[in-house]
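Shared chain: chain A. Partners: chain B in the first complex, chain C in the second.
Let's look at the complex of A and B:
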């Protein structure tokens, strides 16, 4: 991972904010061997306060996962990063792997999509939960074992789970164990990448509830990336919608999902089947833009029913607590 | 297509009319023998059996879309595969257009495949990356010997592409899978099935791998096929919201059994079986009129360990004594006679606390 220029955002320079995650002007390019590159994240600003539950919503390829991988310093070597990420006041991108190591586990941890592949099949669950605490020098083996039992209880698993192997657990139990592992070193920020997608509906609900509950009781900032609108509605207080590598809407979940301001969010909601509402589904015409070609203006303009001349210029996020990046919104406002 | 006249498929044309279902599954069972464990051998027992599907009966009519819903491991895919005879059923019969296909000799299975097609979940894995769209679609025609000439093949491929909305046909026909988006790939897969003119389509989670913005398009395509072409569609899904939107009827499976079967809107709005209630209640949503109560405890069951009585009883909040011993049959619900439900309480009107969430 190469870092292309990072300047600290003013908020950090000014010190004492309650935000635990500050992403400013984040850009990520994936460089292909043939010299081309895909611009996956194209300038994202995101500030998350301690204890805040944020859901990042978007379809595949919108850059939502890339953004959180960048925040954890987990991008592959062929990625270039611009902008800055501050986690708990620490500049993650400043000194490459060294600074990323300083924040991982202890300041921020991540729950991945496939609980099956997130655990090592040949080690007992307890060892895998205890390892990060020992590796990061937080606890001795014995203390870590003690803490493992507490963590398992916290995520609703019997303490005997520590002696089991991952294959002996069901999908839901495994995802709980992975969450326990992520909490091992008491991070301030918990990133969750599609934490429920691989699970059954009933288990999805259990895991969603657990994550929201943990964020509240532990004062964790939860950043959950998902394409599941319902999941965001049930677990997050704030919803951020991404499209083609940019944030197009950001606001209180209820407002975003019931009174969306960006045309993309509105169409996405209309395209989503809802179990207790009977209405025709719409599909959004066209496909998202290619990220390996330059995008000028609003990335959604080509698929947007409301597009007009102004859309040739990239729109900025406007609004107070519920912001959206759309020129049509600026037009609506009384002059 | 008279070239394909085969004694084994002949009855289709004769008995196609009146009163007969397109697909009728009766008491279908699929059991898988598990490897004999060491303790089984010590005790000189036979190996255990996973009863993936255990006595499922359902029907599907022409032009109907039936959604088979359930959690993973409930036996929905196994049911569908056995109904296509892609798996050998352990017991029960499957009638396709009045013909019992469970008794067909293997040599007669190929004509059957023409009438009943499967659409897979993953359009990324279902298409050969080295074939162009036109060859992917024509392949089925060639296998079934339905290509009298190059022109006829080209016309059939164009027709199929047009039906699935991949226009301009000339452009899409020349593309390789990697040049197509997920939704377009799924359309190619559907075109590959349609080109054979099947009367039954089994769609196994046809949209779960796709992005939300293109899902609606695929669902509308399937909906159009059954309306315009009269194709009967058995759609397997774990997503109740999708089922509610596109299907006529919903069949809910749990642990190898059907637990509820009825008109989609009725089942979703007024679920009768406690499992269906829990399942619908667990679906995350934006508008919820009351706080979500604690969802269903426990995990989906193990097909090799079947509980006595009602299979859902270990997880059921309404469980009574007889639920542990007596197996409930699928009977009309007291609350809604149009719905069949396998629950002692729901069929006797004793289940009063139906959760409501309009």
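Let's look at the complex of A and C:
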């Protein structure tokens, strides 16, 4: 991962000292070998306060996973990153791999998408939870083993799980173990990348509840990336909607889901199938824009039923606690 | 009994069966060849029929095949591999004497090849597609594809004068102490062992590179990086550790053949090992010696395969499932 000379981060209004994650002007390009590059994240600002639970919503390829990987400096070498990320006050992108390693697991940890493959198949679960504590010099081997048992209990697994191998656990147990692993070094921020895909519905709800509960009891900021609106409703107090690499709407979950302001959010919610209501499935016509070509103006304009001539200019996020990036809103309530 | 113990026991059982089948097979094969020990000795002109018959009786090859086979198994069970047709010495002594020479030389070359190949493969995979990767992968591939006897001859031409080029000891070294003998043997071993290492390291480098590349893309390696581990730990203890199975398979397969030696290398450097002994035994139709050599090769190959299975189940807990 290369760091590109960053634009000066835009000052964030009302920036507070207790924010644990500050993403400002984040851009990510993936460089293809043929010289083209895909602009996957196109200027994202996101501030998360300590203990806050944020759900990041959006369809596949909208840059949500890329954003959280960039926040921990985990993008592959063919990615270029611009902007700034401060985690717990530490500048993650300042000195490449070195500064990123300073925050990994001790300040921010991550629960990955594939519960099946996030653990090394050849090591016992306990070792994989305990090792980071020893590597980061936080605990002795014996203390780490002790804490591993506590963590396993905390996520609702028997302490004997430490002696099992990952393949001996069910999907739900494995995801609990992965969560225990992420909590090992007492991070302030927990990123969760689609933590419940590949699990059955009942287990999905349990894992979602567990994450929300842990965030509350441990005072952990939770940033959950998902395309599952139900999961956001259950776990997050704040919802952020992304489209084509930008944030299009950001506000309290209840408001965003019941009174969406951005046309994309509205259509996304309408496209969500509802049990017990007999209506045909709807989808949003068209496809997201290609990211390897420059996008001028509003990225959603081509699919938007409300598009008008102002959409040729990129809209800014407007509003107070519930913001959205749409010119139609500015027309309704001129500043 | 744990799953792993059951797995190992099952594998041990099939190893024994395979060894028995191979022994039987090689017994039959040798006797299917045209000509026998007596017909070869009788190239002496005008050898009377009675003398030939007497020889056959002495070697026991006048009896029907089934009787020979049962006798062979009986003697084998007692650890008796018979007597060489060439020098009337017990086969076991002959085989063990030459095998010692081979195992040390080829063994060292093979182990060097495994270590160097692993190092090169992991290094190349670390920056896939980089200049370093292309150079070392290309070089490994080129050397791997060169004929071994030709590489041996090149070594002879280049290093003759600095290093001994044939045999395994200096015949004019009299009253040498332990250290002197050791240095002499080591110097004799450098060229043939290097030749073996050159012949083998390419396959290890390529196998390790491809399995390491696959492992580096695994999700759990991303987890390891997210944990804040240093690159060295991520590459070796996470990625390489989970990508070792192909390396173990290839290593144990190759080590199994160490005992068979490499006939070409031993011929180029006139190394008095099992490879040379095999060539001579074939020329002389020395069944007992050949059978003895084949037997040990069989045991070695089957044994190392079994060792590979055991290592697999130790290295990856999913194998025994």
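Convention: the second predicted complex is superposed on the first by the 316 of 335 C-alpha atoms of A that agree within 3 Å, B and C clash if a C-alpha of one lies under 4 Å from a C-alpha of the other, contacts with A are read in each partner's own complex, and residues count from 1 in each chain.
Note that in this section a contact is a pair of C-beta atoms (placed from the backbone, for glycine too) under 8 Å apart; a residue touches a chain by one contact, two chains touch by 3 or more.
Since this is a predicted model, take the numbers as computed values, not measurements.
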> Should the superposition on chain A be reported as showing a clash between chain B and chain C, or a fit?
Replying inline: fit
> What is the contact status of A:71 with respect to chain B (first) and chain C (second): first, second, both, or neither?
Replying inline: neither
> A:201 contacts which: chain B (first), chain C (second), both, neither?
Replying inline: first
>> A:227 in the overlay: touching chain B, chain C, both, or neither? Say first, second, both or neither.
In response: first
>> Going by the contact rule stated at the top, is it chain B or chain C that touches a larger number of residues on chain A?
In response: B
> Does the superposition put A:101 against chain B (first), chain C (second), both, or neither?
Replying inline: second
>> So in the superposed three-chain picture, is A:109 touching just chain B, just chain C, both, or none of them (first/second/both/neither)?
In response: second
> Is A:301 in contact with chain B, with chain C, with both, or with neither (first, second, both, neither)?
Replying inline: neither
>> According to the stated criteria, A:131 is in contact with first (chain B), second (chain C), both, or neither; which is it?
In response: second
> Does chain B (first) or chain C (second) touch A:190, or do both, or does neither?
Replying inline: neither
>> Looking at chain B versus chain C in the superposed three-chain picture, what is their shortest Cα distance in Å?
In response: 6
>> I'd like to check the shared interface: which positions of chain A are touched by both chain B and chain C across the two complexes?
In response: none
>> Help me check something: in the complex, which residues belonging to chain B touch chain A?
In response: 71-72, 181-183, 211-217, 219-220, 238-242, 244-245, 265, 268-269, 278-280, 282-288, 292, 295-296, 299-300, 357-358
> Of all residues in chain C, which touch chain A in the complex?
Replying inline: 218-220, 222-231, 233, 238, 241-242, 315-318, 321
> Which bits of chain A are touching chain C when the two form their complex?
Replying inline: 72, 74, 97, 101-106, 109-110, 112-114, 117-123, 131-132, 135-136, 165, 167-168, 181
> Can you list the chain A residues touching chain B in their complex?
Replying inline: 59-60, 170, 172-173, 200-206, 208-209, 227-231, 233-235, 254, 257-258, 267-268, 271-278, 281-284, 287
